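In the two assemblies presented below, chain A is common to both, partnered first by chain B and then by chain C.
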Partner chain A sequence: MNKTSNPKAWWFVVPVLALVAFNAFIPLMTVVNYAFQETFGDNVFFWEGTTWFEQVLRSDRFHAALGRQLLFTGMILAIELPLGIAVALSMPRKGPWVSVCLVLMALPLLIPWNVVGAMWNIFALPDIGLLGHMLNSMGFDYNFTRQPVSAWMTTVVMDVWHWTSLIVLLCYAGLSSIPDAYYQAAHIDGASRWAVFRYIQLPKMKRVLTIAILLRFMDSFMIYTEPFVLTGGGPGNTTTFLSIDLVKIALGQFDLGPAAAMSLIYFLVVLLICWAFYTLMMRGEEQ
Partner chain B sequence: MTHPRKWLVPSLYIVFLMLPIYGLLAMSFKTTNEILGGFSFFPQDFTLENYTVIFTDPTWYNGYINSIIYVVINTVISVSVALPAAYAFSRYRFLGDKHLFFWLLTNRMAPPAVFALPFFQLYSAIGLFDTHIAVALAHCLFNIPLAVWILEGFMSGVPKELDETAYLDGYPFWRFFIRIFIPTIAAGIGVAAFFCFMYSWVELLLAKTLTSVEAKPIAATMTRTASSSGYELGLLAAAGSLTIIPGAIVIYFVRNYIAKGFALGRV
Partner chain C sequence: MARIEFKQVRHAYPPPPGQPPVYALKEVDQVWEDGGAYALLGPSGCGKTTLLNTISGLLTPSEGTILFDDVEVTRLPTVQRQIAQVFQFPVVYDTMTVYDNLAFPLRNRGIAEDRVRARVEEIAAMLDLTDRLRQRAAGLTADGKQKISLGRGLVREDVNAILFDEPLTVIDPHLKWQLRSKLKELHQQIGVTMIYVTHDQVEALTFADRVVVMYDGAVVQVGTPVELFSQPNHTFVGYFIGSPGMNVLPCELDHGRPVFHGLPVDTRHPASGDLGGKLEIGVRPEFVHFADRGIPVQIEKVEDLGRYQVVTALHGSDTIKMVVGEDERVPSENPQIAFDPEYTRIYHDDWVVGGQAS
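After this line comes the complex of A and B, so read on.
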């Protein structure tokens, strides 16, 4: 759509700006304050320069948490994307079952995050939970509170359970915008199932898939509540992702300087990757 | 196109989604003794005791009321300020519009863990700590950008001729906006409200940080009770099961638009 130039349109944006700036700018400045200064309370600050940043960037603990975070985000994207596309492709297009499928699939998305954690905790308890009991009675040695591998698998499966529906719904929206005529033409041409997917369905899903990757990347990189309730970051530190580690440093040990520096680095990493995605998406949109 | 095997994938997927929910529901109808006594697929000793506790104890049911109050306030604020902004982004070019749009989105990307402590200090300083409005305002941080994004997508789908015709017919701008434009994008508003509701309802970290007694959300009541009075799994499961209901109700209302909404109105 070609837009008209109108400087007065700024007035339309003022309420949004005021509210978001109040919530974003003041807290961000507080974080910046703590990141460059040392405080012993009483609002007395000493300039520390970039000490905290160097400390965080050199610490093995931060590297380990960042590594776990990247591995986790990579794993859930690698599972959720293909699974979501597969489910969306095989969903019914019309009829009463569409609504039933959509409502049931969207259900996990509306459960409070700590309830998701608690639910999976109950589900996976080795002796009395449905999953834990089934796995153990099938002869697997499974205990997510003691074994790092079990804890990791449970966390990843929980995220797949929680968020794959988002990708299904997005892809479904993309697929339902394809006119029937495209499929009829493909049928007349004798196109294979793969060709239909590759040349008709995938291009139509490109936009929504970009949004899906963007949202899933952002949210999984910020994940806190679900793994915190499920495993508490354990056993040991094996499922301590960036947010969990950050809260441990800031509120557990009250090391505000390093925590603030880590916050800024963390935020910048998310911002940088999202900016790259966003630029790609907007470029795709202009074509 | 309707191959019988096609039903298999969505059906299996839905079974996978329902299993943990079933586990939670089943546990909420069991007595503590039965839960700790070992695994059973169906509740042997069916009891409603866990739900009775929740509906008679004010610390429990107030949690639900608090959550619903701040979620509704947040949804109303987010959608009403996002409406004019989304209109501006979809119709006009102005100084810095693209940068502003991206800046808004960056707030959706800010990890709540980063903001937990500064939010506590900020809202304590202005005397709003432990009020519903504090949580509602804090959730605006990520809900307003989302609402603007969704509404802008839906508004861009409305041809500009509508605005121009109304202008030629002599409608003043605000009357056009309220009488004609808003009804035209009613579906988009519904979807945006749904998403604000959803993200405010599921978020816990900020809601827990900004409240202590008066406005404590149900999700925080759950974590605290679980740790203070031992591990009452049945009660925890019942409270968890009840948090699924509001979500299920709002999904039902937007079921026909939900897929388009998740695509942010841009399909």
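After this line comes the complex of A and C, so read on.
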């Protein structure tokens, strides 16, 4: 077969290249630029090598933020996954209630992130918020603006409220795709409810769960708006997650070099964990 | 092991709002004798699968009673009925090995592991799965997966009946024949009741001792393959079984004797009197032959099928098919045909008149 060479075809690719360049590659390269140099404005740069990276990697502040971030992501995954699966399992499969349930589930996903933060902030205020006031009048000492534990609980509950729906909807889609014959066969085989879940529903949900975990991992690992509006990273630094800390360094302290280095490290951590997780999940698939 | 009895069983699926229910099973009175090999034959949508699911308890019929050995089980859940069922499309537990798949129904019932192993190995040997037992079930072809489904149906020893819902649809023809013989063989060995749903008459006739023909939600005839062939109770049975199907021709009655377009037709099964409604003569192509004096026809088409020829003849606008021997000569001038009186029957509103075969 003869390959025809037609350089005009490149014109079809150019718009895509331009788009990718402007929305991803060039901004990223700017960050790289700051990560290896020092600047005092006026576009004057001094080469710094890996100084900023070493500084970030050695700093206790970064370690603490990373630790908080991992703890937060771990906690919300540990709650949202089982909860989402449980809710999806208990949703009706047919009938008029299906659409009602789906709409109710989708509602939290439609609310803008800063609104979610503001909602929960007001909701949880210890003196006038419905939740905060109720907890206090029930005898709990609850104040998310002053107590780290209260702040953490509120942040986690807020994220669970906001995002469990996503897992529910994905799992529900996975469950709906299981043909009735599987359940009938399980009945005939005398399978228990647990066996049906373990050997039919869970394996059939594997792909959507992989996607759900990836999405929830990435989103929660990069979470910014909601905790920023709710707690502003406080009290103290107790809810200062990676992205909040990053913004503080970059815009609060205007330390562009360390902030750029931290951005790149942050990016690589997300990429690495996603890749490792995905590879692990897909390895089972190929066997 | 049990004798399964249906008493006036009817079933309607929930209708769309505001519409009267449509009965998928119109009324079934049927006894499945213990140890029988039954085929449930009928076109798609005639209620075969619904009937099967009411036996296994996956479906509770809207009306009627089901008895296993005279004990009512109508509302008993599937687990307590001891019925094995194999579905049309393969169902395997993807994450398990072939071995674990086959062992699953036994383990769920708390059977000791050494007994499980013995049974699984026996069934695997029968289905040629022995060398795949350690493989993951997800990696098998459709054939292999359906064999696992069959195996899970056969592996239990204490079942009242094994139900097959068109189990060989996805299997290639050669293997199909082989597996069907295996099932038949197995039936003779273990003597458990087997009910085999199919819309393929060859499958039904080769598998079963008794064939139950269903049409439009009702059982129209139960009989041995020979009975269904020689004495169809209903025009549908005549048409559905046999290839080509039975000739069904419009007629009138003259003192109980059929008359076809003014020509009297000889039959051993006359009606007792004249009847209103739709009247038809039914005669199989095998029992139509050329004669010196009979019904004049035009020959439209002769198909040579090797061991016999199928002749399509026309009388007016009515088509009559006939099967003649390969050596028999098809007359070219003024052909006339006659029907074998023994196998010519009158049908009144689709049901046979005078002496219904059981």
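Some points to look at:
Going forward, the second predicted complex is superposed on the first by the 261 of 287 C-alpha atoms of A that agree within 3 Å, B and C clash if a C-alpha of one lies under 4 Å from a C-alpha of the other, contacts with A are read in each partner's own complex, and residues count from 1 in each chain.
Convention: contacts are C-beta pairs under 8 Å (C-beta built on N, C-alpha and C of every residue); 3 or more make two chains touch, one makes a residue touch a chain.
These figures come from a predicted structure and were not determined experimentally.
Of the two partner chains, chain C is the only one touched by A:S192; chain B is not.
Considering which of chain B and chain C touches more of chain A, the answer is B.
Look at A:A181: by the touch rule set out above, it reaches chain C but stays clear of chain B. Using the contact criterion defined above for the overlaid structures, shared-chain residue A:F221 touches chain B, although it does not reach chain C.
In the superposed pair of complexes, A:I200 makes contact with chain C only, with no contact to chain B. Touch criterion met: A:C101 reaches chain B, while chain C stays clear of it. Shared contact residues of chain A, touching chain B in one structure and chain C in the other, are absent. For chain B in complex with chain A, the residues that touch the partner chain are 1-2, 6-10, 13-14, 16-24, 26-27, 35-36, 38-39, 41, 77, 81-82, 84-85, 87-95, 97, 100, 102, 104-119, 121-122, 137-138, 140-141, 144-145, 148, 156, 160, 198, 201-205, 218-219, 222-223, 226, 233, 236-237, 240, 243-244, 246-248, 250-252, 255-256, 258-260, 262-264, 266-267.
Residues of chain A touching chain B in their complex: 1, 3-10, 12-13, 15-17, 19-20, 22-24, 26-28, 30-31, 83, 86-87, 90-93, 99, 101-115, 118-120, 122-123, 127-131, 133, 161, 164-166, 168-170, 172-174, 176-177, 183, 207-208, 211, 218, 221-222, 224-225, 229, 242-244, 246-247, 250-251, 256, 259, 263, 266-267, 270-271, 274-275, 278. On chain A, the positions that touch chain C within their shared complex are 179, 181-182, 184-185, 187-192, 195, 199-200, 203-204, 287. Of all residues in chain C, those touching chain A in their complex are 53, 56-58, 77-79, 83-85, 87-89, 91, 93-96, 104-105, 108-109, 136, 139, 149, 152-153.
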